[in-house]
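Each of the next two complexes has chain A plus one more chain, namely chain B in the first and chain C in the second.
What follows is the complex of A and B.
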């Protein structure tokens, strides 16, 4: 029997949420708190960390132009990837949403197929395509357009290609969900009122799909800006992104305090992007795509 | 024809097929200028397909459609100058009421000041002048319906197409909107094609009703013609409550045919001028339930038949009662006004049927 005690009812949601909240607390809040504390420690030349409250790491990260440039490069790569995904993703999303094809679920399954293969393997697969002995160079040599393999890999463009490959399904899915929710009668109504097909798209379909486009863009930007595998595998020596700095500081140099400060800067920046998005679009749209 | 009765929409031998399935069989239809024509039928009868073909939302397989004399078969929808009201209203959710209503004017190149004036007039016509700045989501269903109507008529379309516009409203509102819609149509004198499955909407609003079934036009006529002189068994059974029985013709005398009905005996039925009946012919006899007059005693005559029957079930409806009768083993239904009390079950009654209320249909 349900309890009639109002206090008991007031606590019920919290009791039900307790397992999830404890998991979030232990696995997310506590580690981030450790990172925050670490970021104020100091690493000495001998390799030992000095506990305490030192702003040195933060001052270095926020004032050194080296970090600022890499942050700018990271934003550029994430932005370019997002734009390419948005443009390239809209067409297939529109096709899946409007097709009369009977097996629409199959098309969506195809969209999910890449997720069954490890992200690292998918990234490495570009080496077989664009590498010196990859399929593109082999084809170019075979048809005689070039004698020597062309160096196509290991620059910022291949980083963008790799990221688009990784992030495009997220974009397509988000746009598809918002397109699918648009009442077909709205387009017919616009047409009956004098719009050509293209005008009806601009007046009705495109604006009503903007929430999906925005949600997909947010996901692409945040995931793109946080990646370190793609620049590691497909980028050149000068194409490090911000997450690579964190990786280097912590894994290579064992400099946990500096790595902590760097990772917090990235976290705060991406947090701001999410906050701005949430202010204008709301997080509900992203939930729809995964619902 | 004179100026007052020009044809606004003309369907000539129009056919719609989807693969091997024929949604609309060969149909001819002339819709006079300024008239209110209803396509009536159950779902799947082809009425919406016919409307969509006129609109240009669905292509036609064969035949020709003319709007105001112009062949529109290959004319895309945005050049047909139509106003459409959809069942779910289809207001643009991201635009204000004003922007919704002004939408068609924008694409007709109407100047801003003129457009604002016409939007205001349209909103006044649908009695929502104060709603211009609202978003559609802030309106009730009935209000959205009116805005959808305003959006369709503000462009002064050649034809107004209404696709079950009332069926999403609740019952009371539907009857109000029915009167409202007819008032606006009368005011503007706009040629209107209305699709519905609701016979009372069709009877109340239409100048002409086209009854459709399984892709065929069963009958075209005024509401009175369709109701009182159904042309087929389908029309008789779809509109109102009818008794339909198999009969055979035993003789024809002037405008009255004598029929023999199994279990009921001889019944007199009037015959319209274009019907030719011969003795021995198998036919169907249709009599409206409200035309069966029940009383204690009744007299037959040259223009009426009297049957004896027993009331088996009474369906009390307030003003009227629906009686199920057993007449010689055959079940009939009668709807009669109630005088103080309804007849009681088991009562023996006389059923008087006037010849002119009997409609002879092809078997």
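What follows is the complex of A and C.
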């Protein structure tokens, strides 16, 4: 921009960035560094902290089979959720991207709607559907298939249903963005060279939509693995995920050093997933879906 | 091909049903007159909405959520718009690194962010409190605001700003007279986004909120743990209205605003009439 003083111009972007960057530095970078240090402290039975470099929390978190099992369960839930979202999300994304339907914009708007509807409401809405006095049981009793309501809620499958319901829009939107960018002539060319519809899809459309599929999967996996509300609302007593451990350690047991170590384990695991993704795809794809 | 297309269409309908039926059931049940608020429905009534209104805890939760959301939106949007301007309008060394830093709060799982902020600010002497909640909400809404505002800013041409500058306006004057009115839809979109994310948040909020203070989502969560009271469905309906109607109204307002700006004939705007007129006032 026009400015008489070149030095002034070079500093201007930094002045604009200063408030946001200092907020991120003070409220994110420093706190995360802080819990790294804190995870090596010890909490005594009396509730006092012993400062220093103790590996006890880390040894406990990394060797206790209790934590390992819950980590395995968390990865399983996040993985299953991601796969279901990818398969179920591709269909509407493909439909919206290719249809000549005149209310296409409306379908897209509907897709954005769940982002605005509260997560807790969408999660608890499944109690109305699958609960013992929910719509499915009411229907089954009315038809006469059963006399007593069937217990369908509060297990790992309902946790997955709840997470899929929460994360599906992220997946659909990301796949849609990459499908939308595909040159339709490529598919036509494949067809004219003798591909069947399915072959053209498998050889042209699907590979070209992989960036969107990958971005959507990353979001689903990371958001799914970090949740603790869904298992509390829709899971049974044994369906705790890793973030539930963090919550218990910090809020219930008040063992802050242990909670720090637990949350860092989660951060490292998900950080590795993000890093692998970033290595192959780059973060730009995710920003695209905001456009 | 025709039949597989029909399958795709059917699949799409089913997925949309999956996404919206549960929410529709919440709204439907909130008007249920039955005492248990479940199926079968006995009749239509507003009794659960009246019960909400009489429930002091819920009214207080609404006040807390609205205040928190509004303050979050104002702070987050201010920081976000300034940062977005720097990212879209300038080139500078280390830009990719800064771009990653700006969206870092979404890359970190919210639970980890919640723990880190709670423990660090706790050690600094900030207890679980409203300011802590506000700091937390600002930091994790900020990346979303930046992504939304940046996406909109790219399409705002900088000719007008340059024209204003060349006519002698200072940077701050140019910002308020030219840039801000042009990017107003982006600013509003960012603010609304921050508001709804804050209004909806539960993951971080449960860590940061002091005892006795509830936001609407944590209030619903607390009610869920006791029993499935029919009031929850009514509360859900009200929340859906707040978080869905507000952005829709916002989008409509932004579109009108955009149309008004675009309505001005193009050749006149290119001649710099718009910026000229604003400058002449000084």
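Following the convention adopted for this analysis, the second predicted complex is superposed on the first by the 274 of 291 C-alpha atoms of A that agree within 3 Å, B and C clash if a C-alpha of one lies under 4 Å from a C-alpha of the other, contacts with A are read in each partner's own complex, and residues count from 1 in each chain.
Note that a residue touches a chain if its C-beta (ideal position, glycine included) is under 8 Å from a C-beta of that chain, and two chains touch if they have at least 3 such contacts.
The model shown is predicted, which means the values in this text are computed figures rather than measured ones.
Trainee: With chain A superposed, do chain B and chain C clash or fit?
Mentor: Aligned through their shared chain, the two binders fit side by side on chain A.
Trainee: I'd like to know which partner A:208 touches here: chain B for first, chain C for second, both or neither.
Mentor: first
Trainee: Please work out whether A:150 is in contact with chain B alone, chain C alone, both, or neither, and reply first, second, both or neither.
Mentor: It touches nothing on chain B or chain C.
Trainee: Touching A:59, do we find chain B (first), chain C (second), both, or neither?
Mentor: A:59 contacts neither chain B nor chain C.
Trainee: Classify the contacts of A:51 with the two partner chains as first (chain B alone), second (chain C alone), both, or neither.
Mentor: In the superposed model, A:51 contacts neither chain B nor chain C.
Trainee: Anyone got the angle at chain A's C-alpha centre between chain B and chain C, nearest 10 degrees?
Mentor: About 80 degrees, rounded to the nearest 10.
Trainee: In this superposition, which partner touches a larger number of chain A residues, chain B or chain C?
Mentor: Of the two chains, more chain A residues are contacted by C.
Trainee: A:185 contacts which: chain B (first), chain C (second), both, neither?
Mentor: Only chain B is touched by A:185; chain C is not.
Trainee: In the overlay, answer first, second, both or neither for which of chain B and chain C A:260 touches.
Mentor: Second partner only, chain C.
Trainee: Give me, in Å and rounded to a whole number, the least C-alpha distance separating chain B from chain C in the superposition.
Mentor: Taking the overlay as described at the top, chain B lies 10 Å from chain C at its nearest C-alpha.
Trainee: Tell me, which parts of chain A touch chain B in their complex?
Mentor: For chain A paired with chain B, touching residues are 183, 185-186, 188-196, 199, 203-204, 207-208.
Trainee: Which residues of chain C touch chain A in the complex?
Mentor: Residues in contact with chain A: 1, 4, 8-9, 11-12, 15-16, 18-23, 25-26, 29, 36, 38-40, 78-80, 82-83, 85-87, 89-90, 92, 98, 100-105, 107-113, 115-121, 123, 135-136, 138-139, 142, 146-148, 150-151, 158, 161-162, 165-166, 171, 196, 199-200, 202-203, 206-207, 216-217, 220-221, 224, 228, 232-233, 236, 239-240, 243-244, 247.
Trainee: Along chain B, where are the residues that touch chain A in the complex?
Mentor: 55, 57, 76-78, 80, 82-84, 86, 88, 90-94, 103-104, 106-108, 151-152, 155
Trainee: Which residues of chain A touch chain C in their complex?
Mentor: Per the stated touch rule, the residues are 1-3, 10, 12-14, 16-17, 19-21, 23-24, 27-32, 34-35, 38, 88-89, 91-92, 94-96, 107, 110, 113-122, 124-129, 131, 133-135, 138, 142, 165, 168-169, 172, 197-198, 222, 225-229, 232-233, 243, 246-247, 250-251, 256, 259-260, 263-264, 266-267, 270-271, 274, 283, 287, 290-291.
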